[in-house]
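All chains are identified by letter, namely A, B, C and D, in their written order; residue positions are counted from 1 within each chain.
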Amino acid sequence: MKKTKVGIVNVTGYAGVELARLLSRHPGVDLASVTGRSTAGKQLADVFPHLAGSQLTIEATLSGVEIAFTAMPHKESAAVVLPLLDKGVRVIDISADFRLKDAGAYPQWYGFTHPTPEKLTEAVYGLPELYRKEIASARLVANPGCYPTGAILALAPAVKLGIAGSHAIVDSKSGVSGAGRSLNLKTHYAEANEGACAYALDGHRHLPEIVQELALLKPEEQPEITFVPHLVPMTRGILTTAYAPLSAKKTAAEVMQAYCDFYKDEPFTKVMASPPHTKHTWGSNICFVHPTIDKRTGRLVVISAIDNLVKGAAGQAVQNMNIMLGLPETTGLEAAAVYP
Amino acid sequence: MKKTKVGIVNVTGYAGVELARLLSRHPGVDLASVTGRSTAGKQLADVFPHLAGSQLTIEATLSGVEIAFTAMPHKESAAVVLPLLDKGVRVIDISADFRLKDAGAYPQWYGFTHPTPEKLTEAVYGLPELYRKEIASARLVANPGCYPTGAILALAPAVKLGIAGSHAIVDSKSGVSGAGRSLNLKTHYAEANEGACAYALDGHRHLPEIVQELALLKPEEQPEITFVPHLVPMTRGILTTAYAPLSAKKTAAEVMQAYCDFYKDEPFTKVMASPPHTKHTWGSNICFVHPTIDKRTGRLVVISAIDNLVKGAAGQAVQNMNIMLGLPETTGLEAAAVYP
Amino acid sequence: MKKTKVGIVNVTGYAGVELARLLSRHPGVDLASVTGRSTAGKQLADVFPHLAGSQLTIEATLSGVEIAFTAMPHKESAAVVLPLLDKGVRVIDISADFRLKDAGAYPQWYGFTHPTPEKLTEAVYGLPELYRKEIASARLVANPGCYPTGAILALAPAVKLGIAGSHAIVDSKSGVSGAGRSLNLKTHYAEANEGACAYALDGHRHLPEIVQELALLKPEEQPEITFVPHLVPMTRGILTTAYAPLSAKKTAAEVMQAYCDFYKDEPFTKVMASPPHTKHTWGSNICFVHPTIDKRTGRLVVISAIDNLVKGAAGQAVQNMNIMLGLPETTGLEAAAVYP
Amino acid sequence: MKKTKVGIVNVTGYAGVELARLLSRHPGVDLASVTGRSTAGKQLADVFPHLAGSQLTIEATLSGVEIAFTAMPHKESAAVVLPLLDKGVRVIDISADFRLKDAGAYPQWYGFTHPTPEKLTEAVYGLPELYRKEIASARLVANPGCYPTGAILALAPAVKLGIAGSHAIVDSKSGVSGAGRSLNLKTHYAEANEGACAYALDGHRHLPEIVQELALLKPEEQPEITFVPHLVPMTRGILTTAYAPLSAKKTAAEVMQAYCDFYKDEPFTKVMASPPHTKHTWGSNICFVHPTIDKRTGRLVVISAIDNLVKGAAGQAVQNMNIMLGLPETTGLEAAAVYP
C-alpha cells in the first residue's frame, strides 16, 4: 500500500516532537519532512535522542507532503497554513489560528487581526467526538487546544442532552509541558517544582474555544463558563473538574448511563466508574471521563483526564489524520499509557 | 522567664513531627515530652535525622506538661484528650474529634459515636482569624483540618460581609503529605508521582467542617458547598480555588478592598494582588489569599495557598498555643518559607 | 500466522504490568493468561486503567501457554518456574532465582538454599548483547536485574577488549519504581520525593550478578567492583556512572570507537557522543552508553541510561522472547521513548 | 546591642534570595541593603512573596553596610568586591572569583584573567571546618562552591589523617536549583523533571577547588580526583558519594571513629551511623557525613548530604559571617530542616 507522505512544521516544540514520535511509527503514513527554525540542518535524532532511530534531517521548509501538521505559535501558524492549502496540501493546524469561528475574537484574545476570516468557516474543529464526519472531508482541521479537549469532553454529553446547562465552572490542573518548550521563569524547574498555582484569572485564551463549542451544542442558551487553569508539578497531563447545576432531575446512575451511551462508540473517550488519574493517560490518546452528582447540592461534577500532549495535541491530530485518510481511527495510537 | 512545658502525643505522624520541628526552637515553651507507639524508647533524632539536635526520647505516655498537642488518628484522639483534660492539661487536638459541634455528624462522617458530646460545645474551633478571643481562654482547642483552613480563609470575608452567598464550589489541590505517613498504595511514590486525581467525590470528611463554619458566619442561609479534593504530585501545599455567585454587585477592586480590610490585622493571612503559589508557603505558617471576580460571569473566585502541615496543621496549632499562653502570636513562627 | 500463547505470572507488580503493556500489543504473540494473588478474579483493565482495552481476567494459575514470564519475588519464583519447565513451558524468569551460576551465593545474598542448583547451569543469562545465541535455544532464561543491565552494558566492551580491568566503581542512580509496588516507608511519596540517598552500602544483591558477568568476560582477572545504588526522585530510569582505571593507553576517541564497534549491530544499545539522560529512555527498551576518559587522571568513565522497567526488566524479557521465538528482535519494542 | 549592618549584592539569584531569607531573621545583624539589576526599585517582598514581611526595596548599589555578601556570577563578582574592600567593607563572596589560589587557573577554568591576583592570597577559603581561625579575622572570604563543600567535607578527614590518599572518585548528585535562576533548556521543567544525567565530563569548574583543598590537606601527594556532577530531579540538595583506596588498613569502625573525632566540635557537620538523605537537610545548614568501607574491595566510601543553597552557599556564608563577627556560630542558623 502506498503510504501518504506527511510532514510537520516546527517539529521542535513539544507538540511537534510528539507528532514525530507518533508519526514515525505510524504504519499508514510516511513522515517525509519536518521543519524547524534554529535547528534546520540538524538530524532530528541528534536534537531529540529519544527518536534515536530516525533518519530525518530537520529542514527549513516543508516539501513533498500531502498532509501537513503545523505546530507553530499562534499568528505565525496562519502564515504557514495558507500557502500550504493553496498548494493543495491538507492541513491539521495545532495552533489556535483556525479554532474560533468569530474572526472578531482574534484581536481580543490573540492580539492580531485574522488574515483570512473566510478560512475560519471552512476549518473544521478537530474534535472527533463531535465532528467526525466533517473531519473526514476537511481540507483544514483546527486541532483543539489541550484545555478545551478536556473541558468539552467532560461537559458535552451533559450540555447536549440537557442534563446540565452551560453555566459551568471548569477548574483544570495542567502539567507543565502544556506551557511549551520556550523558556520562561514560570516553567523554570526550581520555580515550577513542588508548587501549584492558578493563572490567567482574567481570562485564558482557551475560554472562547470552550464557550464556542458548548454554545454550538445547545444554541438556545448562552454559556457562562468560568474557566480557571492551574499549573501543577508534573510533566504531562490535564485533570479537569467541571461543575454545573443540573437542569433536569437525574440520579448519578442516570447521568453515568447517559455518558456511557454518548461515548459508547468512541475509541479514545472512556467513561469510568471511578475518578481517573492523569497518570493512566501518560503517552496515550485516551480521555477518561467520570461524571457524578454531588448528592448534597445536586450539582453535576465531571472529571476528565488526558495527556495534554497526546489527546490534548499530537495524538488527537493523528486521530484526525486517520479520519481524513479513511484509516482505522486508532492506527498508530494503540499503545497503552506508560504506567507507572 | 519560666517556660511552659508542652508535649506532643504521637510525634511520628507528619503533623506530630512538624510540631516537634516548630516547638523545639520555640523560645517561649519547653518541649518536654513526646510520645509514639511503635517508636517508644527511641531517640527522636534517630527516627527523624532532621531533628539532629534534639535530646528527646520518645515515650509511651505523656508526662509533666501543661499544654498537650494530640496528633492521633480520629476516634483514638478523643480517648487520649479526655484524660488529659481531667488532669488539668490544656489540649490542642490536631485530629477531627472535637471540630464538629453536632455529635450526630460523627457516626456519619467518621464512623464512631462521640464519647463526650458535651465536650464538643466546650471545644473552640482553632482558627484564630475567626475565634481568637475564645482560643485565648480555651481548655480544649480543635485545630482545623488542612482543607477547611484553606477553604474557610478563602470564603469567610465574602460570606461574612454578604459579598457572596455560601453556595460555593471549593476545588482544592493538595500535596501528598496531607494523606499522612501511613503506607497506602495511593501515596506510594510511583503511583502518586506525575499524576493528578480527584477523590472522595461522594463526600470528604472535611466537608461538614467547612459547612459548619460558613453557616456560623451567615446563619440566615444554609450553605451548599460542593467540595472536591485533589491530590497533586508535591509533598506540601494546598491550593484552594473557591467559586461563588456574587450576592451583591461588586467590582473586583471592591472585593479586594473588603478582603484587605477583613484580614488587615492578621499576622499570617495575607491578601495578595496576584494569584499565590503554594511554593511560597513551604514550611511557613502563611496563608495567601487572592480574591477576584470573573468579569464575564460575575462569579467570585478566590484562591488561597497554605502549607498543609503548617497553617493547615502544626503551625496553626502553635499559633493557637501562643494565643492561649498570651505570647505574641507569631512567636516561633517567624521563619520565612523555604523557596525555591 | 499462528501466534504463540504467552502468559505472565504475577502481573500486578511493576515488572509484571509492564510486561502486560508490551505483550498486549505485540504482533507475534497472544497474551493468553495472567495471574495475580490478591487480585485473582478481577479484570486486568479494572486493576490497571491504562490497560483499558484489555479483556483479560486475572487468574490464580497460569494455563495454556507456551512461554511464561515469571515475575515473582525471589525464592517464590523458583517454586513457580520448575513446574512450568516440567510441563514443557519455556520460561523467562524476571526474578533473581536463576541468575547466579553459583548455588552457594543464594544463601548469602538471598537468604535461601537454591532448590535446583542444576537448573542454574542450564539457565541462560538473558542479556542479548552477550548471550544472544544461547538465548535462542534456551528453555529457561534468567532475565537480568535492572542495575546489572546498566552496569554490564557500560563496562562490557572495556573489560572484554582489555581497555579497562574489572576493578571498577559502579555508582547507579535509580528511579523509585525499581523498589517495586509493595508498600514501604522508603518509597512512600513524601519520604522519597525531593531527596536522594545511597543505600545497601554493605552489599546490594545485584553485586554478585555484576561481578559474575564481568568475570566471565575476562576470566584471567578477579573483578573488584564497588557498587553503590542510589535512589533519586523519579519514577523510572537508571543512570549508571562507572569508573575504572585504564589498562591500556587509549584516547577517548579510541575508546569511543571501540564501544561503537562492540555494539554496532545492537538494536537497543546505542553509543552516544554525549552523556545520555534517562528521560530519553522513558518507556522504551533503549540503553544509551557514553564512554569517555577523564583526561586529568586517565580513568575510564562510562555513563549508561536505561528505563529500569523496560531494558531493565520487561522490555529485555520481551527482547529475549523474540530471540527465543526467532522473531525480529525489535518486534513489539519499536516505540520511541515518551519525551518529555 | 548595636546590630552590624549587612547587605547583599544581587539578591535575585537563588543564593542571594536564600541569604535574604536567612539574614532577615538573623538576630545579630541588620539586613540594611540589597541590590538587583533588572529588579532595582521594586520591593523585595513583591519579587519574592515568601519574604512577605520584608520592607526592603531592591537598590541599584549597596550602601551603608559593614559586611557585604556578593552573589554575582563569576568574573562580575570580582569587579564588585574590590571597590567594597577599598571602602573598608568586609566581603563574603559567594562567587568563585576568590576561591582559587592560583591566578593561572582562572583563564583555564573561568575564561578570564584575574584582575587582582594578590587578593587571591589574602582571601580565606570559607569552609569553617578547615579555616575557622583565618575566617575570624578575614577581610575577604571566598565562600566555597556547593559541590566542593560536599566533596571536601566527605574526604577531608580521610585525606588529612592518612586513611586514604587523594586519588578519589567524587560522584555528586545535585538538585536543579544549583544551576541557578537564569533560564536554560536544561533546567526547563519538562526537560529536567523525571530524568537524571551526568554533565561536565570534560571537567567541571568546581574540580580545581576540590583539588586545591585536598592538596593542602596532604601536601606530599598530588591529588587525582575524578569528579562527575549529575543533575537529579529535585529542587535542593547535593548527595556526594566519594570513593578512594585506603592507604592504611582500617576497619569501618575505625574510620567511623576517626570521622567522629575529626568533626566532634563542629556545629553543622554531623557524622551519621547510616547513609544520609538530602531530604533531611532541606533548608538547613547541616552537612551529614557517613563514612564506611566496602568490605569486599577495601575501598573507602563516604557519603555526604547538604542543601546546596544553605551549607552549599547562603548558610555557609552566614556561618562565616558569624565567625567574622565573633557571634555564636549557629546564630540565625538553628532552624531544623523542613521534612518531609
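Note that contacts are C-beta pairs under 8 Å (C-beta built on N, C-alpha and C of every residue); 3 or more make two chains touch, one makes a residue touch a chain.
Quick caveat, the model's predicted, so the values are computed rather than measured.
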* Name whichever of A-B and A-C has more C-beta pairs touching across its two chains. => A-B
* Structure fact -> B-C, C-D or B-D checked against A-D; over half of contact pairs coincide for B-C
* Intercentroid distance (Cα basis), chain C paired with chain A, Å -> 36
* Quick one: chain A and chain B, Cα centre-to-centre, how many Å? -> 38
* Structure fact -> Two or more other chains are touched by the chain C residues 14, 175, 177, 181, 190-191, 193-194, 233-236, 276-277, 279-280, 282, 340
* Structure fact -> Listed in rising order, the residues of chain A that touch chain C in the complex are 14, 17, 21, 24-25, 48-53, 177, 194, 235-236, 270, 272, 276-277, 279-284, 286, 288, 334-340
* Touching residues (chain side chain D, partner chain C) in the complex -> 167, 169, 171, 173, 175, 190-191, 193-199, 201-203, 207, 224-226, 228, 230, 232-237, 239, 241, 243, 275-280, 282, 290, 292, 294-297, 299, 301, 303, 305, 340
* Structure fact -> In their shared complex, chain D is touched by residues of chain A numbered 14, 175-177, 181, 183-185, 187-194, 233-235
